[in-house]
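What follows is a single structure, and I will ask about it in a moment.
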Amino acid sequence: MTSGFDTGLPSSRQIQAMIKEQKQVEVKLISGETLNGLIRWQDQFCIGVVDENNESSIVWRHAIAYVKPK
Amino acid sequence: MTSGFDTGLPSSRQIQAMIKEQKQVEVKLISGETLNGLIRWQDQFCIGVVDENNESSIVWRHAIAYVKPK
Amino acid sequence: MTSGFDTGLPSSRQIQAMIKEQKQVEVKLISGETLNGLIRWQDQFCIGVVDENNESSIVWRHAIAYVKPK
Amino acid sequence: MTSGFDTGLPSSRQIQAMIKEQKQVEVKLISGETLNGLIRWQDQFCIGVVDENNESSIVWRHAIAYVKPK
Amino acid sequence: MTSGFDTGLPSSRQIQAMIKEQKQVEVKLISGETLNGLIRWQDQFCIGVVDENNESSIVWRHAIAYVKPK
Amino acid sequence: MTSGFDTGLPSSRQIQAMIKEQKQVEVKLISGETLNGLIRWQDQFCIGVVDENNESSIVWRHAIAYVKPK
């Protein structure tokens, strides 16, 4: 598993906290594109992001460069 | 498995719902290219997309940045 | 295995059908480059493409974004 | 595991030293983007970076090209 | 193993034939860059390429889009 | 393991020889960027490069396209 998650890891726990606290985040992709919004869920391969227009995206972990609270 | 799927995961179930409900989606690739159409099937490595011109593509999961209903 | 294949998967079976039926396909790479031609074979890591000039390429699955019949 | 870490590896130990010594580092991503700051933690999939504006990012290892002390 | 090789696979055998027959090849990378030369060896992660200037490179399989005889 | 190393592989042995002989090398990344310098160490995920300015970088194997002695 390359980009998976394990609930005990700092990265997974921090994302879980962002979900719980409904934090506005910036999700920067390896293509350079930025998604802004809230993270709603995470699983082994993807995270769910809801943007300013209330549109939901399934974002693949392998495409994410970094996540940063705003 | 990096980009695989497991029918119990939120990401897999949401894509399965998009297939069943024949939702128009935007499939954004890590190259920046966008495919618009319906998702017809998914397997461990790929998803099948049918575009506006009724053309079918086999799209590799490793190349997908995100999928977003339209 | 990230980009492998399993003869039972829809993606593998569709590519196998393209090989058998000698379908003209477009192979779009994650770099944005497009290869046009026939798929001659597939294995776990690569597919073999013969282009319009009858030149054969060994194309790595990890570099493919999508395959689309023409 | 592609981009994981093992506390016994030179790469993991050097990053651990950067965390402990609070070294200013440059984190160069495969997209060409550079993050400047301190590394706060590392796990199997990610490292935590705090930048000049005291903003924290979760950076995926798969997106990192290199890390260089400044 | 994502980009590995297995001596029984068509892709590995074709590259082995290119090595044996000292075929001039074009190695196209996912970055768009092209290396021209002869393949000297292959292992699980890399291939060895000697270019027109008789310079040797260790090329990672994960960075290769395709290999094409010239 | 995608980009790992095994001391018995030609690629690992050649890099080990470059370390021992303190060869000037060019490390070309998949982003197109080039690092010039000496390789100091390698592990399963990374190699250590010291450049002309005597600055050390931890370079991830997954980001390397090729290594070429100068």
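Going in written order, the chains are labelled A, B, C, D, E and F, and every chain counts its residues from 1.
Convention: contacts are C-beta pairs under 8 Å (C-beta built on N, C-alpha and C of every residue); 3 or more make two chains touch, one makes a residue touch a chain.
Bear in mind the structure is a predicted one, so any value in this text is a computation, not a measurement.
Participant: From subunit A, count the fewest steps through touching chains until subunit F is reached.
Facilitator: 2
Participant: Upon optimal superposition of subunit B on subunit F over Cα atoms, what rotation angle is obtained, reported to the nearest 5 degrees?
Facilitator: That rotation is 180 degrees, given to the nearest 5.
Participant: If I list every residue number at the interface of subunit C and subunit E, are over half of them used by both copies, so same, or under half, so different?
Facilitator: On the two sides of the subunit E and subunit C interface, the residue numbers are mostly different, under half being shared.
Participant: List the centre-to-centre spacing of subunit A and subunit C in whole Å, with centres computed as mean CA coordinates.
Facilitator: The separation of the two C-alpha centroids amounts to 31 Å.
Participant: How many Å are there between the centre of subunit B and the centre of subunit C, using C-alpha atoms for each centre?
Facilitator: The mean C-alpha positions of subunit B and subunit C differ by 18 Å.
Participant: Mind pulling the subunit E residues that touch 2 or more other chains?
Facilitator: Residues 1-3, 30-32, 62.
Participant: Circling the ring from subunit B via subunit C, which chains come up in turn?
Facilitator: Here the ring, read from subunit B toward subunit C, comes out as B, C, E, F, D, A.
Participant: Can you list the subunit E residues touching subunit C in their complex?
Facilitator: Within the complex, subunit E contacts subunit C at residues 1-6, 9-11, 14-15, 28, 30-32, 61-62, 64-69.
Participant: Can you tell me which positions in subunit A touch subunit B when the two form their complex?
Facilitator: Per the stated touch rule, the residues are 1-3, 29-33, 35, 41, 43-46, 48-49, 55-60, 62-63.
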